[in-house]
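In the two complexes below, chain A is the common chain; its partner is chain B in one and chain C in the other.
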Partner chain A sequence: MPRSTTSLPEFSTSVKLKYVKLGYQYLVNNFLAFLLVPVMISVALELIRLGPEEILGLWNSLHLDLIQIMCSVFVIVFVATVYFMSRPRPVYLVDYACFKPPLTCRVPFSTFMEHSRINNKDEKSVRFQMRILERSGLGEETCLPPAIHYIPPTPTMETSRAEAQLVIFSAIDELLKKTGLKPKDIDILVVNCSLFSPTPSLSAMIINKYKLRSNVRSFNLSGMGCSAGLISIDLARDLLQVHPRSNAIVVSTEIITPNYYQGKERAMLLPNCLFRMGAAAILLSNRRREARRAKYRLVRVVRTHKGADDRAYRCVYEEEDSEGISGINLSKDLMAIAGEALKSNITTIGPLVLPMSEQLLFFLSLVGRKLINPKWKPYIPDFKQAFEHFCIHAGGRAVIDELQKNLDLSPQHVEASRMTLHRFGNTSSSSLWYELNYIESKGRMRRGDRVWQIGFGSGFKCNSAVWKCLRTVKTPVEGPWSDCIDRYPVDIPEVVKL
Partner chain B sequence: MLLHACTQSYKVPDSHLRIMDQLCLAYSTIILLLSSLLYILWRAFDYQRNRNCYLLDYVCYKPSDDRKLPTDLCSEIILRNKRLSLPDYKFLLKVAVNSGFSEETYGPRPILEGREECVTLAECFEEFDDCTFATLDELFCRTGVSPAAVDLLIVNISLFAPCPSLTSRIIHRYKMREDIKTFNLSGMGCSASLIAVDLVKNVFMSGKKRMLAVVVSSESMVHWYSGTDRSMMLSNCLFRSGGCSLMLTNDPSLKHRAKMKLKCLVRVHTGADDSAYSCAIQKEDDDGRLGVHLSKGLSKAAVRAFSANLRILAPKVLPLRELAICAFRELRQWGSRSTGKKANAPVNLKSGIEHLCLHTGGTAVIHAVEKSFGLSKYDVEPAKMTLRRWGNTSASSVWYVLSYMEAKKRLKKKDRVLMINFGTGFKCNSCLWEVLRDMKDGGAWEHCIDYYPQQNLVNPFMEKFGWINDDNVTIP
Partner chain C sequence: MVPSLSDEAMGVELEKSAVYGHKFSTVVPAEATGDAVTRELTNMDLIMKLHYLRAVYYFKQSEVVDGLAITDLKEPMFPWLNVYYPVTGRIRTEAGSRPLIKCNDCGLRIIEAKCSRTLEEWLSVEDSSRWRPLVPEKVLGPELHFSPLVYIQFTRFKCGGMAIGYSWAHLLGDAVSATNCINLWGKFLKGNPSLETLRLSNHQKKAESPAKHVKAPQKPVPVKQVKLAGECWQAPDTCKMATCSFKIAETDLKKMQGEKQNHVPPFAMISALIWKCLAKNGNDRESKSATICRNSTSLKSSDMLTNNLKASTITLDSSAANIDLLELATLILKHELDELESIDELIDRNSGKPDFVLYGANLTFIDMEGIDLYGLELKGQTPVQVDYNIDGIGDEGAVLVLQGRGRTDLTGSIQERTVMVTLPEDQINQLRGVLSSEFGIA
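After this line comes the complex of A and B, so read on.
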């Protein structure tokens, strides 16, 4: 674009470009309509001009046998039935509930630093944690489980189970209350919790507490990282394709208690600063009568696994430090790898969700790069055309910044992610649901809106899910944001001085 | 409406009208019937397409011989725990004596080498790598399938779930594709391999396209309980190292290479009952040491879960005649309840199946099943010999039992094999396989199948430590 010294010509060229762009998008996306509407109008005009007798005369002159008419009707009916019956079963998200941590579990910065100083004798580690906390983007209301509030923390099996029971049962109780679902009507149960996997499993714990039926299909996924929530949704969707008229409950959580790192290795202290308590319970169904009250419909789930690459595999790695204390080591290439994983994921999901205008541009730029000039910059499709809302896993400030840059999103698009990170911290796989709840609580979710949930996880995985909103969500929304939504959005400074 | 328009303009006589009416009616009914018939055929075709789950091959892990646990080593390991008192040693040796194991079962290296109290993460990974990569290498080699062709990967290991998951570890090792679907199951106990097969079956049926799946089923045995609670020491003595990898597909073009076809799978979870849920639970003892507590109610929970499973399984497996007999017996029992008479004639499982792969949970379990179903020595021989040779390898035990039958050339085309698994929670899972071709691989039993069945069932532990059963004796 030619640079200009005065502002007015720049504005006019950018405005002209904007309208050209809008016009192009409108034309390409509604191409079929533009083609068919004039044809239909001219046919209608012709019919009106001819009059009924002439039309009948035309029809009879065709000498159509009754058999031929019936055969064509039969073929049409048959093809229509086959088409409708072979479509995949729709999967509806009836409702979901997020765990709201009690005030007693709050960890303001002062508490965190005080505990850090007392528990960790190494000055350098304490200073490092302070620096991380200052730049983390977290607020003063994030919560840690009761066992971590003890000095020193008491990460036993019993306290881990207690945390699991607190977060999971609260979320499920709320979900059952919201939807009016009875435990005996649950057909499928999928639980994902990455770093805590007791025997019997968390799914067995839920079956025991709620006295679920003996033929409930339960699965307990573990170790799959922060993107495991979308993996569970994928699994529930597959099961709902096979079993008709079923309800599936997906529980996504991360249990912090057994994973609080108490050593000195810096890269392993990072998770302490970022991970916080949280859980979400989601009710999915393929029953037709739920379609009336369901909030969303699952359009697509796309999973990408970069584990074949060494760097990607090692960037989030559980290992023991030099003193034998185990913790999660986050490597410095995390952002770069996240960007690459995202690129792979959007290469797959792009053609499935982007409108024709963007796909055409992308295709043309690809052809141009291949045939005309390889030096052309690759065209990054504008995903804002395909989605109204974005829920980016609140993994950390840097992750959200990186994705905002890569996808060219505005601050409003990433507001849900940033505010969730501020209010709840990194709640791992359940963070996407807190973000969705934020958007609903702000009254922004309208019928027909499309939501893109993106999760990253160890391995390295990048998973996305696309939902379509089926009914406008009215405020006020009951949920974890109900008492504080009016305070948000807040301005989060780059560095909070401690 | 068309007809009406026609009559309006052409003034057809009444008699013709009636005939045309009837003809139209006749034609529309024929069309509707044809339509529905074709629709039903289409649904049947669609149902069949890519819905079957075939087992292409499976490989059971055979650890290296330096990991064997002979009687000397067993007693040495038991006596290593200085916190135990004399009655505890006696108890443990009794368990070892009554376990039904031979001297050839395998243990994990850290335990054998005396490092059970300080097992590192690296050693957990090493145990997993040894088992998984050995079995997967052999599996890929035998089936000729490349790792890049795998569409679905499932790993189930109950007691070890690191981050990144074990599925990622396998993907990293074999450089599998980016769009692979993976699931890492954990905490699901000894029944997890059938849960993994259930998952594969469901993904196959939902996807409707041709897929290849790999299931890795094993257990992490390095988690040693170093305390003094007896109920938790049991798991130290009863479990042994082992694992297996399976390759499954729904591709009909690979049917000629497949060994077995999955006919049905039944899962039952009795976790709603508190005593069933807490009969096998991982927790800390009074000193804060982590272990798996096995309560006395375990066998009762197993029986209840098994009967619940059988109630659903029987109609799918047994022939009508046997079902009628069972129903008649039930009615008679119900009727005779008032007189207090007990009718306990066994269900004839053999009428619906030819082979039974029972989870090698212990001699008591095998004996109980043998008695309740009136099975012969021949039927329970694979389970007994597997228990003897490999011990209780948790989720992969049924595959070792299957491998025994295959090595003994018992599995012929059209035979039906029933696998039964139990797990914490309390779960009971069962599945029925149909053998597609005469199976004859030696597998993990290749080197020793000729020595089995062992006629002379000398219990080496009984020989060495049999005196422990005498209450009056003391340990030197």
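After this line comes the complex of A and C, so read on.
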């Protein structure tokens, strides 16, 4: 009995608060409209009151002659032209394709653990890997390349290239099929793969396979970590500003074969447990006619680099361990640094995407903290107002948990990230595209929706991209999720019993 | 240095080093089996747990074999293991409870190797241990939780021929199950077989039946309790065993029977033959009892992985040497085999202890005639030869009678049987001597 009486006022206050918030948002976001409407009404009333003859009289009293009229018209036209020419070219995402790993590459937990025990004689390292795997959020269907299925793994130049060809060519073949694009029409090619950088480059490998034109503008970004996918998008966008009527293909991938750590250092064993095969190919274009069939338009890319800080610079560091085996060392304060990088990125992107209501509140809270009382809690803007969908890099369970907490997101908002981590593992720069595909496959992508892709990577970098959906994506969607989307979402336990 | 193939002991050592370049990997089922799927081990499974089946299938060089790269061989294994997912599991032993198989998709171990000899050279060595380097000699343990139940080795000969070595832990199923399993892989290699008849019965925990009134055993139980040496599930060898093999043509067997109307089938004849020869050796170890073992080839379609053996012990009144060959053979033929229900009382319901051997507890004659050994096809190509053996045989020895590959000769088609004999070393040589002198075999 007492419970219901106390809950009722709580309920009513929360409802009241909700309406107050809604009202405030409507008011501030449409402030100009609210101002303009009364002004327009009064002008209209005044005009009606004056009558046509008086208006004509007013016009004649201005004593305008032909030259002045022509000059004013000329000025107006000139200003309009400059305005339209200086606007950036819209960049459309026509379509994209993700690599679906074959079943022959599947690695169940038990197989991973058994191989670890055989390869790695150190008991403690094996137990550590098991603990990581139990809490990783990965599922039983993630895939590793064929060379890693050997005991011990056999990473050679040949097997690395074979993996690169498998993942990249599959993704590009699918993209070309989906979009009907001919390889001869590709003007710009950007490939990013952080840890494998052969000569000739992966972009040259693509040009050779698909027989691209000799004047294609190709770029190969290596060493830039898991956020390199958005860096490639940024580069492609800049190039599309300079070159009119062009198509750009962006390929994001990470090649696992040469980078499987075979030593005992615990901090370096972590990537083995999380990184898996994956690749994505994206077609961007600035051609007007693609606007009709494009899925998304790129609204904004914001890049934040914390490399100036030594701690951030060293937090993901490739080095040799005490036995001379090289691997990637992840430092213990990775999450803290990721949080700071995110805050920095949000501070830049916030004013560009948030509605006025949120920005005003943030500004007021900032002023209040500076002038009135430093002890006030900082106001975290509600990004759910700005975006319908969130694609958070599936770097690991901890990353997703941290971002969910920081941005105050609901479980449904981070569902795409968690499920991608479960089904595909950490596929590095291409994970954002698997997540986007998940949202589409679930039938949640509608026209007008805005998507926020956030990537983190070594450096330490935090990059964001904002997309706006141009047409509702109909299910079923052909892609890596097509055979398993009905099984998702799954409930991922905190700790999987191995 | 050309190895002398006639010196068999030397030959085996050299053959071991002729196989090199081993590479290990694992294949798993294509789809996740799911959480916490287990397979209970029946009493029969636990009795057989110290035995391992080792088979080697030899394929001649051909375009088909040349065109099969390791990826082509591995690819059909993934959907195949979807059907046979328990073989990819691992043993789980908790203190105080029965061992079982946790179906955790851990996988089969695949080994790739090369051989510096040609297939012809290899097969010309009649030494019955020639198959040893071509199939892994692994047993379960010392880490039971991480020991694969099945191994497959692909060895490429210098000429382009290939040997497929197949090691199977007997607790998974009998020779019929093992052979059907690998033959299904061959079908997947060719294309997608129709899977309507394939269903696995998942052994569930048997309901606790009320304590049976223990009858005094009328027949001697054909198993022997052993004590394990260490953590491995391996029969302790108290004496050195050796194997020998030879082929007997059906026509030869018919000749031995004379002009009778109803011929005794080959298995009974061969068993009687060997028993007599061993008895003739006249040493202390000569036993008056032997176990006959038969696999059930009439497979119920719902039981693809099962230990469905029938075994029973014959006890003779006098030494086998004194009994006429045909009479002994008829005795063996007519002897009734039972379902080994009595073993239920032997195995402790709770912990699955103690440890037993079936093959070799007494002198064991194992009938493997109905098994489709030559049914493993690589895209239509059948093996030229199959070597088969069982590891973990007890001290009394065992005799396997296998279907030989039917050949056609000038005289017509020849059906023959391959006989693999595992006995203590000293008995093997004597047996050979008797067989060649009295019956002109080997």
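Note that in this section the second predicted complex is superposed on the first by the 455 of 498 C-alpha atoms of A that agree within 3 Å, B and C clash if a C-alpha of one lies under 4 Å from a C-alpha of the other, contacts with A are read in each partner's own complex, and residues count from 1 in each chain.
Convention: a contact is a pair of C-beta atoms (placed from the backbone, for glycine too) under 8 Å apart; a residue touches a chain by one contact, two chains touch by 3 or more.
Small disclaimer: the values here were computed from a predicted structure and weren't measured.
S.K.: Given the alignment on chain A, is it a clash or a fit between chain B and chain C?
M.R.: fit
S.K.: For A:Ser201, using the defined touch cut-off, is the partner it touches chain B, chain C, both, or neither? Pick first, second, both or neither.
M.R.: first
S.K.: Which holds for A:Pro146: it touches chain B only (first), chain C only (second), both, or neither?
M.R.: Second partner only, chain C.
S.K.: Given the touch rule stated above, what does A:Ser110 touch, chain B (first), chain C (second), both, or neither?
M.R.: Only chain C is touched by A:Ser110; chain B is not.
S.K.: Between chain B (first) and chain C (second), which does A:Gly350 come into contact with in this model arrangement: first, second, both, or neither?
M.R.: After superposition on chain A, A:Gly350 lies in contact with neither partner.
S.K.: Identify which of chain B and chain C touches the larger number of residues of chain A.
M.R.: So, of the two partners, B touches more residues of chain A.
S.K.: Figure out whether A:Gly339 sits in contact with chain B (first) or chain C (second), or with both, or with neither.
M.R.: neither
S.K.: Touching A:Gly443, do we find chain B (first), chain C (second), both, or neither?
M.R.: A:Gly443: touches no partner chain.
S.K.: Could you state the shortest Cα distance, in Å, between chain B and chain C after the structures are superposed?
M.R.: 14
S.K.: Under the definition above, what is the set of chain C residues touching chain A in their complex?
M.R.: My answer: residues 23-28, 30-32, 71, 74-75, 78-79, 90, 104-107, 143, 146.
S.K.: Show which residues of chain A lie in contact with chain B when the two form their complex.
M.R.: Against chain B, chain A makes touches at 52-53, 56, 66-67, 70, 73-74, 77-78, 81-82, 85-86, 156-158, 194-195, 197-205, 207-208, 211-225, 231, 234-235, 237-239, 241-242, 303-308, 310, 313, 316-320, 324, 326, 328, 344, 348, 457-461.
S.K.: Given the complex with chain C, which residues does chain A contribute to the contact?
M.R.: 103-104, 106-111, 114-115, 117-118, 139-141, 146, 149-151, 154
S.K.: Show me the residue ranges of chain B that touch chain A in the complex, using the header's touch definition.
M.R.: Residues in contact with chain A: 5-6, 9, 23-24, 27-28, 30-31, 34-35, 38-39, 42-43, 46, 118, 120-122, 158-159, 161-169, 171-172, 175-189, 195, 198-199, 202-203, 205-207, 267-272, 274, 277, 280-284, 288, 290, 292, 308, 312, 424-427.
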